[in-house]
Amino acid sequence: MTLENWLPALILLSSLLPGLLIFFLAEERHKTRTILNLGGALIKVALVLVMVGGVFAGRSYESRLTLLPGMDLVLNADALSVLLVTLSAGLWLVTTVYAIGYLEDSPHRSRFFGFFSLCVTSAMGVAMAGNMLTFLMFFELLTLSTYPLVVHRGTPEARRAGRIYLAYTLIGGAALLLGVVWLRVLVGPLDFTETGLLADHAGLDPNALRFIFILLVGGMAVKAALVPLHGWLPQAMVAPAPVSALLHAVAVVKAGAFGIVRVVYDVYGVEFSAELGLLAPLAAVAAVTIVYGSVRALYQDSLKKRLAFSTVSQVSYIVLGTAILGPVASVGGMVHLVHQGLMKITLFFCAGNLAETLGIHRVQEMNGVGRRMPYTMAAFTIGALGMIGVPPLAGFVSKWYLAAGGLDAGQGWVVFVLMASSLLNAGYFLPILYRAWFLPASVPWPRERAMPGRFETHWMLLWPPVITAVLVVLAGVLAAAPFSPLEWAQLIARREYGL
Amino acid sequence: MTASALDFVLAGGLVALGAVLLFSHDLFRSLVLFVVYGLLMAVVWVRLGAPDLALAEAAVGAGVTGALMLAAWHRLPAAGRRAEGVVSGPWALLSGVALAGVAAALIGVLAGLDAQREGGLQQQVLARLPESGVESPVTAVLLNFRGYDTFLELGVLLLAALLVRLGGGADFGLGAKSSSVLRGLADWLAPLLVLTAGYLLWRGGHAPGGAFQAGALLAGAGILLALVYPPGADGRPAGGPRAFARWTQGLRLRGLLSAGFLVFLGVALALLVGGNLLQYPAGWAGALILLIEAAAALSIGAALLVLFMGVAGGREAGAP
Amino acid sequence: MTLSLLYASAGVLLFCLGLFALAVRPHLLHKILALNVAGAGAFLVYLGLAYRGGGAAADPAPQAMVLTGIVVAVSTTALALALALRLGRATGRMELPDGSADR
Amino acid sequence: MNPGDWLAHWWPGLLLGPALLGGALAFVWPRLGFALGQGVALLNALAAVLLVWRVAVGGPLAHAAGGWPAPLGIGLRLDGLAVLMVLAAALVAWAGALNARSYFRAHGQAPEGFWPLWLFLMAALNGLFISADLFNLYVMLELTGLAAVGLVVLGGGTDSLAAALRYLLVGLGGSLCYLLGVGLMYGAYGTVDLPLLASQASGPALGAALALMTAGLFFKAGIFPFHFWLPPAHGGAPAPVSAMLSALVVEAAFYLLMRLWLELAPLSLAELALPVSGVLGSAAVVWGAVNALRAERLKLMIAYSTVSQLGYLFLALPLMPLAGAAIWSGAALLVLSHALAKGALFLGAGTVLNVVGHDRIRGLNGLAQRLPLTVAVFVLAAVSLIGLPPSGGFLAKWLLLNGAIAQGQWWAVAVLLVGSVLAGAYMFRVLGRCFTYGHTGGREPGVALAAQWPAFGLAAAAVALGLAGSWVGALALAGSPFEGDALLGVAP
């Protein structure tokens, strides 16, 4: 037993154990809970950094547990998983700080943080899963641990949202399960392999493989909120802001998109997928989702719902990048995995701040809020501009690579989709920015709360979005630096294409 | 051997009797016919070469069960004495058709079986009989070769007694009036029954008879005494043999009920020290079987008595 | 027709009659009677098949099984009667209530 | 003599002795009932663990009762599947005994007769699992049935009484079918020993006997459409009793079916007859789940969930002759995880009933604040019942799916998936209520944690079973007809 065998498991345990302990903490043990939360998050970041260094140096990490003969739980760290692991670990730390501030006085914090930690554990598991079984396991665990977070408010509305969420994800999970078992029956253990594990198996019925692909991607598309399976996402907005932030940036939606990337690259192999004629329909679905989500976002007055539909649209960039054959588009898709997470979490933190500090929930109420909460709105502006794709922010990098990849693959229509989407993004974000910065304030605010401290709001609410906004800028400006998301995505693409 | 006319009459009579008693509209007639059915069955057992069973059927199948049924009849709520007709409808029709099909198929299978049947265990039982400690093959199977079954069957009986007692009401007492003539008769008859039970028990080792038949007689004696000595105000029998009054109450009764089971269990577990579960050591089988049978007969008698009282005794309808 | 087959067949008929009555007779006493009739039918099959011809003793193993079965039957009959009477006292009727619809 | 040999000799005594002795003594001296119940339940659990270890290490055990080898005597055997059933029964019984202590405290003490019946039920189940003799199994079935009926009566009230009586009558009808089948078997083949019959029996009599026994066991297992007695009986009994009945008594009947059809019946016969079981199982999965969704009371919902979950087992039967090892192990895992999860659910429901005063699902708002540990029990049990990873239920479902797909039995695949989604629906209907606000206070102060921990232990074990799946799956195959087969096949 060496560090190589233990590190992935330790990374899981660093959030699992605090989570389990927190469940049994009495409600008023505020300090212990905070120590557990932050301690776990910090340890996790440290462990992940060790692993990133190791992977970069070419070491491989793998924890393995046999459930049944020929049925192993495998956690390992390849380049792709490191991308999501790093993002999740970093954003978990930030979100934990934010959530502690956000839920200051609300009830049931032990339950909340317990499930919150489980949720992150599952996301980590999804990221590090080394085969389909492990992936499936953490994917389902993610469903289960997010449900209590979605219904955390405890209102009938929250229960309804929870019901819708479960209906979608459980049925999606069933489809995924069927696909996984079926494929398992056909080819044996489903360990993820760069360049695709099906490459080693010739002579399988292509129609069965196509159907399994639909089951697998369909099951994940529920979580990735691809049209027409996106219905649960806007409903789930009843959850507290930190939950929305986590759901949209690293956990649920991202897990779905990540799963699609895994299936296309590491199970089917991107060339084989193209050969089966599966990539074109996937790209089409992604394109439709991108446009549809943006159009719907235009019409939302509720700020969180507008952000939700924006997520529907933006996550499909990742799928689009995956579905276009060629390393350049792949780079665009994978780098967006990180960039979208940074930008969207910033936006949700800001929305949470507005709601918590001033009681603002609707776009109409945002007039002049830029002067009342300049830091928050500055961060929001960076996130929004990034989403639109303004250079040199993170979003621009993604879109640039996606467009170039599309042209590279001879699929010029991608550029039009991206342009249309950018225009629509501008259409639903710029009015917000205009209201916030240039219109006079419509005081009094709906429900203003006096916050302690020198800043416009509690420091634990303010710093997280500011930090992530800075990261959005850095990811764009320093895209060419070593260890940047872009560099890492290029490393992955080289490996997936066997270059 | 082919069946004679008498056999056809017996078998046909049984089936006809069964049909009539099951589908009669007069509940009381059904009950009476059921006792006749049991007695007829006992005759069939003799005809089939199973006198042990005939005795048991007459005593338990027709006797005790019939008594239970008739006792239950007397305690039915007034509205419950009328037998409603039969349930009709598609389900009833379906189950009727299905069961007719089952009957036809089974008889077909039996007919096919008739020609080439395996010998069964008779040869083996007879071959091992000298080692079994008893002379009657049936007793050997019951208490030695398949003693484990019999042990568990005592458990079933104990459990039933326990459950019937839970039904509430006194352990004992029917509340019927009885004349001094009857009491005198009972005072004579009860010891006689007990003696006969002892004889049957002893005889069981080499001929028809054994713990069950003996137990049934003991129960009969108990029921007789219970009938003629109704309980006093405190729920205890107001008279009758002292031993009877004492042993049909509380702890002693519970001890009596479980004695057979406990002795059997004790023997079974103790024998594990030297051999298998219930494996009698050479030469000890006869004595151990007699010990078990004696305890079992007492328990069976007590249990049957309790079962009867549970159905016949207890509180009257409407009583608190 | 052999003796064996005759009595075993009668047993099968009684068994099926008993089960049918168990299903269609609503009165609890009838149901309990039906179980006893069906049980005796089953015993008849055991003994019919155990018959060894011309006055010879029947196979002792099935005899022992039937003896066990008779004791089990009387135990369960007494329990069923006791429960049925309690139910009758509580509801005033000797039928099972239509309980299938409760939630 | 090393400890393994000691166990190999004494195991029937260990499994039957304490429970039967305790049961009889608790009957004679009711005051000792509580102490005997606790002590014997613990002892039995220890014995089960020891025997699991013994069988896993040293292989299956056999014992000839009376020292007479079959066919003259009665054979007992403890193979992998049997010892797993013994373990499940022992764990649920132990947790139930611990829980009963506080469950009945609300009513003063356990009703008279509870402890002897409880101990007899434990012994009868053990006896049933280890018996290799068809007639002995009949006696065991009756013993089990009587104890179970008695325990249902203890629920008190006319409803429980009616449910118990219905249960008794149906059970007796089923027993008679089984009994006639055994008679036919003996008449035709001259023995009632399972292994001997497996090697000798063939022909129409075998088919007829098996059909009769199977019909009887269908009634006892409460498989659709013979399930009508089950929900009122399991829903109306005291909670620890419901746990035992739903977790084990019905599954015992399925266990016998597995033995009959996979050890005794020739393959050709099994292929002909078992699709019936598949059809009934499929109907049960859906019907039970739909009724669980409609149930208004928690305990009744759990009882209907049993109807549904049993359906999976019957669904698995027709797949077994061909997919052998995977389905056998899958069924074993499913039986085990269902027993643990269902036991936990009923014990949890009992706590709810005692604390809240009712178990109407609509009235459970805010339960997560009042009884967090019990809600955790529901969550964990739900994970296993729905078949979410990493629970034992998940592994079982995985194996069943694997077998079904490998044979191209798509109808079974569809039912398995639909059943999982429906299970999710009915379990989360309850959990959604629990997480809704509706109770402003904090944790319920008066509830002894001792009442909740046993249930939590069972539920956690059901989930943790998934991590021991490899070991359990291999153990289940020890001594089975599929010993040595690969667990997970790949389609040719």
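Per-chain residue numbering starts at 1, and chain names A, B, C and D are given in the order in which the chains are listed.
Note that in this section a residue touches a chain if its C-beta (ideal position, glycine included) is under 8 Å from a C-beta of that chain, and two chains touch if they have at least 3 such contacts.
Keep in mind that what you see is a predicted model, and the values were worked out from it rather than measured.
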Task: Distance in touch steps, counted as few as possible, from subunit A out to subunit B - done: 2
TODO: Tell me, please, which chain's centre (mean of its C-alpha atoms) is farthest from the centre of subunit B?
DONE: A
Open item on the list: Quick check on this structure: which chain has its C-alpha centroid closest to the centroid of all protein C-alpha atoms?
Closed with: D
Task: Between C-D and B-C, the pair joined by more C-beta contacts - done: B-C
- [ ] Return the distance between the CA-based centres of subunit B and subunit C, expressed in whole Å.
- [x] 13
Task: subunit C and subunit D, separation of their C-alpha mean positions in angstrom - done: 27
Open item on the list: Can you work out the whole-Å distance between the CA centroids of subunit A and subunit C?
Closed with: 67
TODO: Find the geometric centre of each of subunit B and subunit D from their Cα atoms only, then give the gap between the two centres in Å, rounded to an integer.
DONE: 32
TODO: Could you check subunit C for residues that touch two or more other chains and list them?
DONE: 8, 12, 15, 18-19, 28, 32, 41, 43, 45, 48-50, 61-62, 65, 68, 72, 75-76, 79, 83-84, 86
Task: Of all residues in subunit D, the ones touching two or more other chains - done: 135, 139, 142, 146, 149, 153, 184, 186-188
Task: Complete list of chain pairs which touch one another - done: A-D, B-C, B-D, C-D
- [ ] Note which residues of subunit C are touching subunit B in the complex, please.
- [x] 1-10, 12-21, 23-30, 32-34, 36-37, 40-41, 43-45, 47-68, 70-79, 81-86, 88-89, 92-95
Task: Of all residues in subunit D, those that touch subunit A in their complex - done: 329, 366, 368-369, 372, 376, 379, 383, 386, 388-390, 394-395, 397-399, 401-402, 405-406, 413, 417, 420-421, 424-425, 428, 431-433, 435-438, 442, 466-467, 469-470, 473-474, 486-491
- [ ] Please give the residue numbers of subunit B that touch subunit C in the complex, ascending.
- [x] 1-3, 7-8, 11-12, 14-15, 18-19, 21-23, 27, 30-31, 34, 37-38, 41, 44-45, 48-50, 52-53, 56-57, 60-61, 64-65, 68-69, 72-73, 75-77, 79-80, 83-84, 86-88, 91-92, 95-96, 99-100, 102-103, 106-107, 110-111, 113-114, 117, 120-122, 125, 137-138, 140-142, 145-146, 149-150, 153, 156-157, 159-161, 163-164, 167-168, 212, 300, 303-304, 307-308, 310-311, 314-315, 317-318
Open item on the list: Give the list of subunit A residues in touch with subunit D in this complex.
Closed with: 23, 27, 65-71, 73, 107-108, 111, 136-138, 140-141, 143-144, 147-148, 151-152, 154-156, 158-159, 162-163, 166-167, 170-171, 173-175, 177-178, 181-182, 184-188
Open item on the list: Quick check: in the complex, which residue numbers of subunit B touch subunit D?
Closed with: 105-106, 108-110, 112-113, 117-121, 124-125, 128, 144-149, 152-153, 155-156, 158-160, 162-163, 165-166, 251, 254-255, 257-258, 261-262, 265, 269, 272, 275-280
